[in-house]
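Every chain is named by a letter (A, B, C, D, E and F) in the order it is written, and numbering of its residues begins at 1.
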Amino acid sequence: MNWLVEIVLYLLLLTTALLALSVRDLLAGAAAATAFTFTMALLFISMGAIDVGFTEAVVGAGIVGVYFFAAIYQTSRGTRD
Amino acid sequence: MLVVFAGLMIYATLHLPERGNPEAPMHQELNLVGKPVAGAYFIQNAYRDAATPNMVTVVLADYRSVDTLGEVIVVFTAGVACFLILRRRETDDS
Amino acid sequence: MTDPWTHLAVGILLPPFFGALVAALFPDRRRNGAWLAAVVSSGLTFAASLGGLAYAVIEGPVRYHLGGWQPPMGIELVMDPLAAFFCAVVTGMTFFVFIHGRSVVERETPHKAVPFYSAALLLLGGLLGIVLTGDLFNLYVFLEISSLAGYALVAIGDRRAPVSAFRYLILGTIGASFYLLGVAFLFMETGSLNMNDVAEVVPVMGESPATLAGLVLIVLGIGLKMALFPMHGWLSDAYTYATSTATAIIAPIGTKVAAYVLIRTCFHMFDPEFVRAEIPLADILGYLGAAGIVWGSIMAIAQNDLKRMLAFSSVSQVGYIALGVGLASPYGLIGAVLHTLNHAVMKACLFLVNTNLHQRLGHTRIDRLDRTTRIRMPWTMAAFTVAAISMIGLPPTAGFFSKWYLVLGSWEQANYVFLGVIVISSLLNVVYFFRVLEKVYLRSDGEAYDDASEREDAGVRREEVRASMLFPTLFLGASLLVLGLANAYIVIHVIRPMIPAGL
Amino acid sequence: MIELLHDYYAYWAIMLLLVIGLYGMLIKKNLMKKVIGMVIFQNSIILLFVAAAFKWDATVPVLDAAHPTENVANYLNPLPHTLMLTAIVVGVAIVGVAFALLIAIYRNFGTLEEPELMERMRGE
Amino acid sequence: MPIAETYSSSIPFWALVVSLLATPFILWSSRRPNLREFWTLLAAVIKFALVLTLLPGVREGRVAEFVLLEIAEGIELSLRADAFGVFFAVIASGLWILTSFYSIGYMRGHHEKKQTRYFASFAVSLSATIGIAFSGNLLTFIIFYEMLTLATYPLVVHSENREAIRAGRQYLAYALTAGLLLVAGAGWIYQMTGTLDFTPGGVLEEGMLSASGMRVLFFMLLIGVAVKGGIMPLHSWLPAAMVAPTPVSALLHAVAVVKSGVFGVVRMVGFVFGPEVMGAYGLSTILAVFAGITIVLASLIALRQNNLKRRLAYSTVAHLSYIALGAALLNADGFTGGILHISTHATMKITLFFCAGAIIVHLHRENVTDLDGAGRAMPWTFTAFAIGAMGLTGLPPINGFLSKWFLCMGSLDAGAWAVLGVLLLSGLLNAAYLFPVVYRGFFCFSNQFEGKGEASPFMVVPLTITAVLSIVFCLFPNVLFGLFDLASAVADSVLGTH
Amino acid sequence: MTHKSVSIIILVASRALARVIQLFGIYVIIHGHYSPGGGFQGGALLAAGVILMRMAYGREASQSEVSTGAAIPLASIGALLFAGTGLITLAFGGHYMDYGAVPVPGIEEPIVRYYGILLVEFGIGLAVMTVLVAIFDDMLSVPPEERVEGGAPDESSDPVPVERRNPMTR
């Protein structure tokens, strides 16, 4: 039961990772990366690493996400690859 | 090349201890040469040593406090680095 | 209960960090305070390293338990002769560069001198931590401290500097992450993060592809940090576009510490026999080093900028260290360790010369150097000459002797490839250093050599850099001669005790 | 076979993530994409550690009277968790510096695409 | 094998460093030429005196030893003033005094630039040469050998024109490659034997290496020393280096540097490989073949040179191989002759170079064909030249006769008829390329030098002295320094005969 | 991002949310001994509050909490608090970071460690908060519309192929 949830999360991780790398809109890429880290946080918590999950959620989805947006705001949004 | 790398890595993981097995070396109380293993020691003694139930906190700030000091300094370094790279003239008070 | 001198282990580590934190408190108009903090703290830690080296050599290795916890639980610092030696090298060089850098930093990084010193001290502290720690994960943390500070120092400079810094960051992160991945494998296999424990467990456990993968990943990651041959791409640009003082700080010490980790991993954590028997890791390292020596030298010949030439020469010199490690024999290790010291001093001296030239001439292009350079700055060029001779490896300068031990090691294993590489690379070094020396000391082609040009030369005023910059340059240059003559003492009393029992 | 899958699928997924991240860092031409790759890469290693700390039928490493500490198998291994806290922070620091560099590059050259960047740098 | 009695003495060390210590003074007094040259002369005289004090001990069979420090693990920077070393040191330092005088005349007469650099480099070169002479082991030898390379580089490029710079590059390329091969070979020997000390009779033994391995090792070391010794095909830097000022050519390229090379050859043959190994693996034949070819070829090339200095340079190449040939004979007469030739060739060739320099400075002529009638303008100079030429040809009563005599005896002894033939042939060739100069000087009439007298006494006096010495050393080979005894003592010690 | 937002909803919501986040951050630091959390997470939350305010109200907001100029020195003080704690233990003769070595009268060793950990967590929290804010500030230190000056590529030769639109306002 538990590991079914995990498998779903793993698949989600792979999907978001590929998505983040393949979209041409960097903002969407950043959003996918944020989703990736958030999924990661969920996975940590499902594995019982609550501290790590909490940190990942705060930092990965929060701070890094903000940094992503700030950086894209300061640079450019489109890309060819 | 990356595919080859992935293959090699997956091959190497096959020889790791199975996931979740409490018998894995890192979950033991004593290692192969009879020395205590850190993880088990933390579980057993964290509260006794620091009166704190959250073992992670104890490990973080007491047993391995130098790691954490390093971590803070990494963060500090990042701050200094960004300052060096990006900030302009704002602190120029002359 | 404990010998108070054992606190030297932590005494080496702390001053740079406190120095960096205190330096950051100064506002920009008090930047001299930051400079002072840098000099004082690096001086303190230099003194502590020398003391620690003496202690470790006389009394034996110190295992310092941080937080008072026994090793597998807590983190330990290991101050054995090898570690203390590297600390002394690293701190010594930084100390002199700091003394030298006072006016240069202000000019090259206006309004940012304070964070510059802070970052430089953090780099120093991170490297010292890497050297001293006995814990695999702790090493990663210190590795990242030094790397981050390194990226920052490399990123200021000319317009291209951030790009090279970014490439450095990507590759550096890959390197550090590979290292961490390797640590994960070892940790899962052995259950311990303490290097000593790992060293004890691995032989009992027997071979396993996972352990090997861990070892290979660690070596791969460190090789990236060390700019070992196929992974050296980041180094040349990073060193070239950074400011001269930043390069002078990073270049002599950055790659050396990675080399140290390599030595630790290959010889202390794993049984050398294990390394040699399971996979020809040592051989691969040696051959990569050899390839790097030749490649770096050839690239150095092709460069027109002094700084860039020196950067490629670093690739080549790192190759010597890798070659020594690859020999996996006492002579090889002696050669590698001695070359670390020698190369650090040589490179520090050369980069200080580079800074001096940049200060006075405003450029460091080799084709624009001529004899007036030498007339203007005779002492700087004298230091350059000594360092160049040492780089080539002519006796009695220090560079000769590390090559001598490497030659002995190559003969011992009858490895003629290494031998040939050492010989050839010395010749290539001659080419790229004498190219500069010829320009500086002799007249260019076809230039008249008569009384008129003599008078013209006499008209060039001497404008040597200020004493605070000249002194460290000359001191390092002179110490190359001293190191050359004292190498037997160093080898017998300091390096011999480092050689692990397994070799 | 199912046994093998059950024991190791997490590791395999992690290795795939790792290679995806590596692909992003090395092959992608856009510097921002490289940073995204870096985030994936670092997180996959963190995940490996956390997966290694996992034990079946164990509880979180916060002291709970219901589970005696004498039996180590009752609690997850707190050591990797702690390490990964540090690793996450380190990762954030690196990402922050990477962004700072990106902004500096963009200020200087007006692009984050590697081929164009190389072209403009060569013009210097 | 006679075990030489050793005693500790710092004299070799002081003899070595005195010129090194003079260097800062020379540099410091760059604006006062008289003072600067005073330092040079002072150092030269002190050095010579110090070397002379070692002489009595050596003649009694005692060896002064001085261990400075441990230079590398297991190897000391040791100075051993054994018979061979003192022999070489006496020649080098004695001739330095004369060359210094001559330099003053030459450099001022020629209005050379950068005289300070010149004198400083000269002093360092001398230190290195004495260091080579006194080296107690191979590593010490290498150190001074490389030092000599570096110190003479500024002298080669002295005139700083395109030709000089090219010559300098060539010199560096040859000499440094050679040095590296020496280092590599030394590493090999250390790896096998655990010592690098120069031991009379050699440190290597039969069976240590396969025949081919031994040959490779021999080639490495031979190439290492032969570059400076000018053995073909590694000689080409030497004629090129003749762009240097003449005193440099005289002392360094006829005595100090090139003799360091052949000194090294003899050291290798007698003190590293040893006669047994040399004989057993046919190494002496290899050496003899190279030396013989060099002698004949270089003499032939010398015939075709019109530039006087280049002609002398090829002559030097040929005569250096005499010494190597003597060593290759592996018998007492051969060794004695070869070693003696170090001294005899030194006095003769320095005379010739001094003469050439005087001609260049005074008459501004460099080519042989331009010298018609010069002998009448400069009778002393040309007489001295004639003496030198006779000596090189091997005519008595010049000391060249003596060494050649012993070489011939040695080749007879060894039954090496080919060597004898080479020696005789080269004697003829020597005559063929040297006597035309004398002939043109004295017997071709020309009044182009009308009114030109002798060159400055600074030059004429030294060259006269060396010419006279050449005669004296033939008639009384043991006079003053007992050079002959020393040479035969060295031969005895190497071969283990009494 | 660098200027005050025009939407009143964002302004009000962010102001309220920021305070809640910060309060929660302080709680996380203090309560880290008993539940997940600690200095780092709390510090990050505090920083998130400040950053939220700055995103909504422009760069000049919340300067009283973490001022842009003082961020790095404050971080330095935070880290010094941590490192200095270790120095104190050293002064009492223990090993570095051995809180138990500090003899506080009347308190047992584990409790001393408990407070040592707390002190350290505060140091971490301060350092992390200020640095994260500082990095954010540095990233936005030059608004996009001003960034042409000082080293932008030659505009005449450069067709500016990149989008210059503000991604946040779309």
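Basically, a contact is a pair of C-beta atoms (placed from the backbone, for glycine too) under 8 Å apart; a residue touches a chain by one contact, two chains touch by 3 or more.
Treat the numbers as computed from the prediction; the structure is a model and nothing was measured.
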| item | value |
| --- | --- |
| Shortest contact path, subunit E to subunit F, counted in steps | 2 |
| Intersection of contact partners for subunit C and subunit D | B, F |
| Middle chain, criterion being Cα centroid separation | C |
| Selected interface, C-E versus D-F, where C-beta contact pairs are more numerous | C-E |
| Approximate Å spacing (C-alpha centroids) for the pair subunit B, subunit D | 13 |
| Centre distance in Å when subunit B and subunit E are each reduced to the mean of their C-alpha atoms | 69 |
| Subunit A and subunit C: spacing of chain centres that average the CA atoms, whole Å | 38 |
| Multi-partner residues of subunit F (at least 2 other chains) | 34-36, 38, 40, 72, 75-76, 79, 83, 96-97, 99, 128, 132, 135, 138-139, 142, 147, 150-151, 162 |
| Shared-contact residues (touching 2 or more other chains) in subunit D | 10, 16, 18, 22-23, 26, 51-54, 58, 61-62, 79-83, 85-86, 89-90, 92-94, 96-97, 99-104, 106, 108-109, 111-112 |
| Shared interface positions of subunit A, touching two or more other chains | 50-51, 55, 59, 63, 67, 70-72, 74-76 |
| Touch list for subunit B against partner subunit F, complex | 48-54, 56-58, 60-62, 65-66, 68-69, 71-73, 75-76, 78-80, 82-83, 85-88, 90-91 |
| Residues of subunit A that touch subunit F when the two form their complex | 27, 50-51, 53-55, 58-59, 62-63, 66-67, 69-78 |
| Residues of subunit C defined as touching subunit F within the complex | 2, 7, 10, 14, 17-18, 21-22, 24-25, 64-68, 115, 159 |
| Residues on subunit B engaged by subunit D in the complex (per definition of touch) | 2-3, 5-6, 9-10, 13-14, 16, 18-22, 24, 26-29, 38-40, 42-44, 46-47, 53-56, 59-60, 64, 67-68, 70-71, 74-75, 77-78, 81-82, 85-86 |
| Parts of subunit C lying in touch with subunit D, wherever the complex brings them together | 137, 140-141, 144, 148, 151-152, 155, 159-160, 162-163, 165-166, 169-170, 173-174, 177, 180-181, 184, 187-188, 193 |
